[in-house]
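Some structures are shown below for you to check.
Shared chain: subunit A. Partners: subunit B in the first complex, subunit C in the second.
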Partner chain A sequence: MGSKGLLLLKGVAPPKKQSNYIFNYTRTRSSSWSSKTPIFRECSTTTATTSSLEPPDVPRLAETARISLSPHEVDEFAPKIRQVIDWFGQLQAVDLNSVDPAIRADNETENLRDDSPETFENREAMIAAIPSYEEPYIKVPKVLNKE
Partner chain B sequence: MLSTLHHPPRSLSRFLPSKSKTRSFHTKPILSSSHPIIEQPHASSTSPPQSQILSIRHSLLSRHVTATQLAESYLTRLKLTEPQLNSFLHLSNNVLKEAQAIDEKIQRNEDVGPLAGVLVGVKDNICTVDMPSTAGSKVLENYCPPFDATAVKRVKELGGIVVGKTNLDEFGMGSTTEASAFQVTANPWDVSRVPGGSSGGSAAAVSARQCVVSLGSDTGGSVRQPASFCGVVGLKPTYGRVSRFGLMAYASSLDVIGCFGSSVADAGILLNAVSGHDRLDATSSKQEVPDFTSQFVSATLLESKPLKGLRVGIIRETLDNGVDTGVKSAILGAVSHLEELGCTLSEVSLPSFSLGLPAYYILASSESSSNLSRYDGVRYGNQVVADELNALYEDSRAKGFGSEVKMRILMGTYALSAGYYDAYYKRAQQVRTLIQKSFKAALDENDILISPAAPSAAYKIGEKKNDPLAMYAGDIMTVNVNLAGLPALVLPCGFVEGGPAGLPIGLQMIGAAFDEEKLLKVGHIFEQTLQDCRFVPPLVADGFAQ
Partner chain C sequence: MASTLFRTIQTHSFMLYPTTLLRRSNGVFYCTMKSTHSQTATQEKQQIRVTPQNQQNKAKTLDKIAKDYEAIIGIETHVQLSTLTKAFCGCPYNYGSQPNTSICPICMGLPGALPVLNSKVIESAVKLGLALNCKLSLNSKFDRKQYFYPDLPKGYQISQFDIPIATGGYLDVDLPIEFGGGHRRFGITRVHMEEDAGKLLHSEDGDYSQVDLNRAGVPLLEIVSEPDMRTGVEAAEYAAELQRLVRYLGVSNGNMQEGSLRCDVNVSIRPVGQLEFGTKVEIKNLNSFSSINRAIDFEIARQALLYSQGQGDQIVQETRLWEEGAQKTITMRKKEGLSDYRYFPEPDLPEVILSAEYINSISSSLPELPEMKRQRYEKMGLSMQDVLFLANDMNVAQFFDATIAKGADVKLAANWIMGDIAAYMKNEKLSINEIKLSSEELAELIASIKSSTISGKIGKEILFELMAKGGTVKRIIEERDLVQIVDPSEIEKMVNKVLSENPKQLEQYRGGKTKLQGFFAGQVMKISKGKANPGLLNKILIEKLNAKS
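Presenting the complex of A and B:
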């Protein structure tokens, strides 16, 4: 392509105001999605970022997460999910270059027990909880390869 | 004495001065005084709360009352208040039997544990072998775990009686219990308002004295915010202090089991019972557990400035715009009280504070999308019959999960997708490092940090249901503590207008990692010296002794 190097922005560029605020929400009961009164202080970074990430494709996400959604649910969830993901996007603007990611809070190591099997003492209760059981198998329907 | 802040200290001069208010109660008692509940002969309407656990132990060992009488008294109150509150999803059938067993032991002069005869509520995302554990979700409706969570096991070993499983937002995702698949719990202070969440049932149950203490879980504030809304003490321990074995995981790097009590001492005694390393939880800490119960000194024995020299940092970012004036007022009243106790107060700024909220939701959604993948209708839970395996998964999950849970799983799936991991999850982890560092710096200069537990008092049921970001915003005070893995104590410190008798406001105290001892000591002294404030909701009989 020419020198313009078009970045095809499928992603929604954060609305001009939104990248400067930590948080926007309305206090009224109406569920409007536009940003209104800023409630918290402005973020210290002012660079607006445009996202090159694709916006959430809700049907595809539902397939990945193995949850079937009705068309009504897709319509209902998509704007809410998009709004929250846009809100997540403010982390793009923060300078995190020399910061190590923290997996969790603690720093203790070597908390693993020996890798030796133990018999669980209440197998009957476990088996009783299985929806579809045909001793000694947990029964599931056939697997079809989707193409 | 709560004094009027005429001259706010220099460091706090940017805040408005507050006036303290003496609360008078207009209660509608619903129980007659013939029920044999623990009576303290000198209790007045404004005396500080006594430890119910210690009173119970004293009364049982001195044969003043039996465990059975005590259990009957609590069960009567529970049954009278439940239709209005809906705190419980399941009630135990064995309460009186267990109480009887304790009475027999006492009669035989055998030792009984420190929690003997104490009725304990357990949040329904914590596994109990003799009662269903649904996590508030249809996907686990009627599921009966084959084991007790370690925390439950320890409560039982010490003589505690699990009275029932309390209501919650499904899988811990929510701040009001409105996301429970089964029922909404009401706030005992005003039944048209939410009790908070996700441990709303556990908080309401203790607030309404349906049980003595209860266990909840806190991933982003789910013990502390309901404690504030319901006017009870909520204790979130350090990550790793209490075993998570048997707690249905929401976000594994953030979840902790926490304690509710009507006094700091009771929350501390319960924490003592459940803390400690567990070989079944690889994230549980090997740090030694000090005896949390050894420092609950009677108020009469305290010297005049019992907290002299304690450095307290007020987190500046938590008293900004967006926090109700009434909440600020109550917190400033608490500040003034801490000063009278001898504390040195100053303002502290935590850089990156406001980034904690999106970072938290990225991490929590991502981890929950992974943790909830096990609910597939195959080995447990509700199954939707299908011809083909994927359809079985998809339909069982679709039918079993509520909307909020589905949305968070989808958001988490997005954030963890190939190509997006670096942009979201990894960045959120980096923000977590920044937040940990800023807390550590602040706690190097201060013994504890304080803030409100929530930007407002309890709001009306239905008010925030359709606006996810509005609901998430309410977590701003609490999530950073989970990201840093620190302990925090919330205790009621004042009121705002609303409901029949005002609405309680909680003060949050944050400590250094594994320093629950200091939090409990400070919290206990604060509570025992707080005058003219009594946190018993109007739903409960007036004259109920503390």
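Presenting the complex of A and C:
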């Protein structure tokens, strides 16, 4: 159950070849409104200089996901998580030199909704499911600082 | 009439500052003596500052220090859209509703719920992007910004990280006359769509807090400016212009008090001539345009003082809160390290695709924006003061445009609107659309005065009735028999009558008391029921008074 959270990895980095595309490319299929400027894409993850992926920092992952792990569990999970990463790492073998990066993988239509109000009909059930509800507020422990 | 300078007609938090308060350094030291909860311009103007000599010297030194440094200011603004429903679900949003009454599984982040984007959000984003002269990304996406906080039900905020919907624009701003005027262009780095979090209230004593999720999921547009502002005044006017813009576009009501327009300011200073930027400090909790102005001035002075004392390293990158009461910035608890938001593309939402047709249709539906209006009014020959006033509120500008469209003289229409009409609206707390005066009747009134059908004074009376009760100029003139008397022989008759009825005053006048001319004029006005044309009246009166001597 906690494994889903642990899949958010810090160390996933694109291979060397692909990094060229990330920082400077012009899109042929769909360009921005002013077609002359290239789009610069900022990566939120670090780029690795080697071709292998960084091993996961399990304690840090657990911290950011707010999951407590005992040292024993850290040792137990680290190789398993690493295996999952390396399994995805097979994708690095693909040659992407002539491929434009895609923004998203799907080709769905836009799926938009009209701006017309709809009241949810079972508010009571939602409120009843709140662990600590003090009419009309949801009661939570005091947290002063974000993160 | 136009001497009372009304900056706006609707409640507006931007205040007028007398120029003496402008010297940044003075603002720092004298702030504590100001009455802190006064928010009206008149109260500020009436403050008397008593300063001992050494404080004045200190202020002078600060002034000098501040001149050696250049301030670099950038602003991040969040605009809450006035859509009927939230960004990703159909819950309505109404400011001030009972807590937790406008919620559903989607905005509460309950398991299994999926977001569906409100089409109006894209429309608003495109409108704003175009109005800010940005490049629109024909393809953009949503990302998850992940962090834990009680008012964030999903544990992440749906936002746009690396591919925002609009980038690289600018905003043209006219600084208010009372601050020296001038034109500025500030760059806009990006505009992106995101959702708001709920409201978190901390209990006074207790170790608990309270969450209201009515606001969770409300659409926001975040506007990030280039660090182009250099003074508190410029920053405040940038924010005011953004407010004007979103109101003109109809995408938001831009109320800082309600929280539909929120500004966070980033301030750093560097010695004049240095290329590197100094350490950047973020300031939050700014609730009005004047707070923006004062907070920035305070922060610039604070940083300059530290630098000049060789303590520049005490300026750290942090977030400070502006305390309206104490009129200063204070440190929030320092964060350890930068936040790692672990951005990744929102898997539950498809790409946002804009077609050229869509953009063009929105572009052609944009109203005349404030800057365009100001330029047009300037070309009409109005003074900058008039221009800034008339273009500030879209409804006022519309009223003005309608009035002159019916042929009214531009300057006269401006004077009436800025003077008597604005005063009435302020007293009665009405907007220009709520007063009973119509633009047609204002045009009619101006024409009637111009053609000397009625005098200016009578015109003012009629105006009052029109604003309060409506009706037409023509009917009021008829009903109350207000047509001006311009027939010289008629006036002469009245003058003769007054002179003959007041022999004592006449003698006094002849004896040298020339001030009595006013007395005679008043008497003639009285018997003419205010209808005598003042110019003619005085001309004939003087003739008569001087003739018989």
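Heads up, the rule we're going with is that the second predicted complex is superposed on the first by the 78 of 147 C-alpha atoms of A that agree within 3 Å, B and C clash if a C-alpha of one lies under 4 Å from a C-alpha of the other, contacts with A are read in each partner's own complex, and residues count from 1 in each chain.
Heads up, the rule we're going with is that a contact is a pair of C-beta atoms (placed from the backbone, for glycine too) under 8 Å apart; a residue touches a chain by one contact, two chains touch by 3 or more.
Owing to the predicted nature of the structure, the values given are computational and were not obtained by experimental measurement.
J.: With both complexes superposed on chain A, which partner does A:137 reach: first (subunit B), second (subunit C), both or neither?
T.: Only subunit C; A:137 stays clear of subunit B.
J.: Could you look at A:91 and tell me whether it touches subunit B, subunit C, both or neither (first, second, both, neither)?
T.: A:91 contacts subunit B only, not subunit C.
J.: Would you check which partner chain A:100 touches, where first means subunit B only, second means subunit C only, and both and neither mean what they say?
T.: A:100 contacts subunit B only, not subunit C.
J.: Once the structures are superposed on A, label A:77 by its partner contacts, choosing first (subunit B), second (subunit C), both or neither.
T.: It touches subunit B, and subunit C stays clear.
J.: If you tally the residues of subunit A touched by each partner, is the higher count for subunit B or for subunit C?
T.: B
J.: After superposition on the shared chain, which partner residues are touched by A:108: those of subunit B (first), subunit C (second), both, or neither?
T.: The answer is both, since A:108 touches subunit B and subunit C.
J.: Of the two partner chains, subunit B (first) and subunit C (second), which one does A:119 touch, if any: first, second, both, or neither?
T.: It touches subunit C, and subunit B stays clear.
J.: Could you tell me which stretches of subunit A are touched by subunit B in one complex and by subunit C in the other?
T.: On subunit A, the overlap between the subunit B and subunit C contacts is residues 27, 31, 39, 41, 43, 64, 66, 103-104, 106, 108, 111-113, 120, 123, 126, 129, 138, 140-144, 146.
J.: For a test of understanding, state which residues of subunit B touch subunit A in their complex under the given definition.
T.: 129, 143-147, 238-240, 252-254, 279, 282-286, 317, 320-322, 354-355, 357-359, 361-362, 369, 373, 376-383, 386-395, 397-398, 401, 403, 406-407, 409-411, 413-415, 417, 419-420, 423-424, 426-434, 436, 463, 466-470, 472-473, 476, 483-486, 513
J.: Touching residues of subunit A toward subunit B in the complex: what are they?
T.: Touching subunit B: residues 22-27, 29, 31, 39-41, 43, 53, 56, 58, 61-62, 64-69, 73, 76-77, 80-81, 83-85, 87-88, 90-92, 94, 96, 99-106, 108, 111-113, 120, 122-126, 128-132, 138, 140-144, 146 of subunit A.
J.: Mind pulling up the subunit C residues that touch subunit A in the complex?
T.: 83-85, 90-92, 98-105, 108, 110, 116-120, 122, 135-141, 146-150, 161-163, 167-168, 201-203, 206-213, 332-333, 335, 339-345, 349-353, 359
J.: In the complex, go through subunit A and note every residue touching subunit C.
T.: 8, 10, 27, 30-34, 37, 39, 41-44, 64, 66, 103-104, 106, 108-120, 123, 126-127, 129, 134, 136-147
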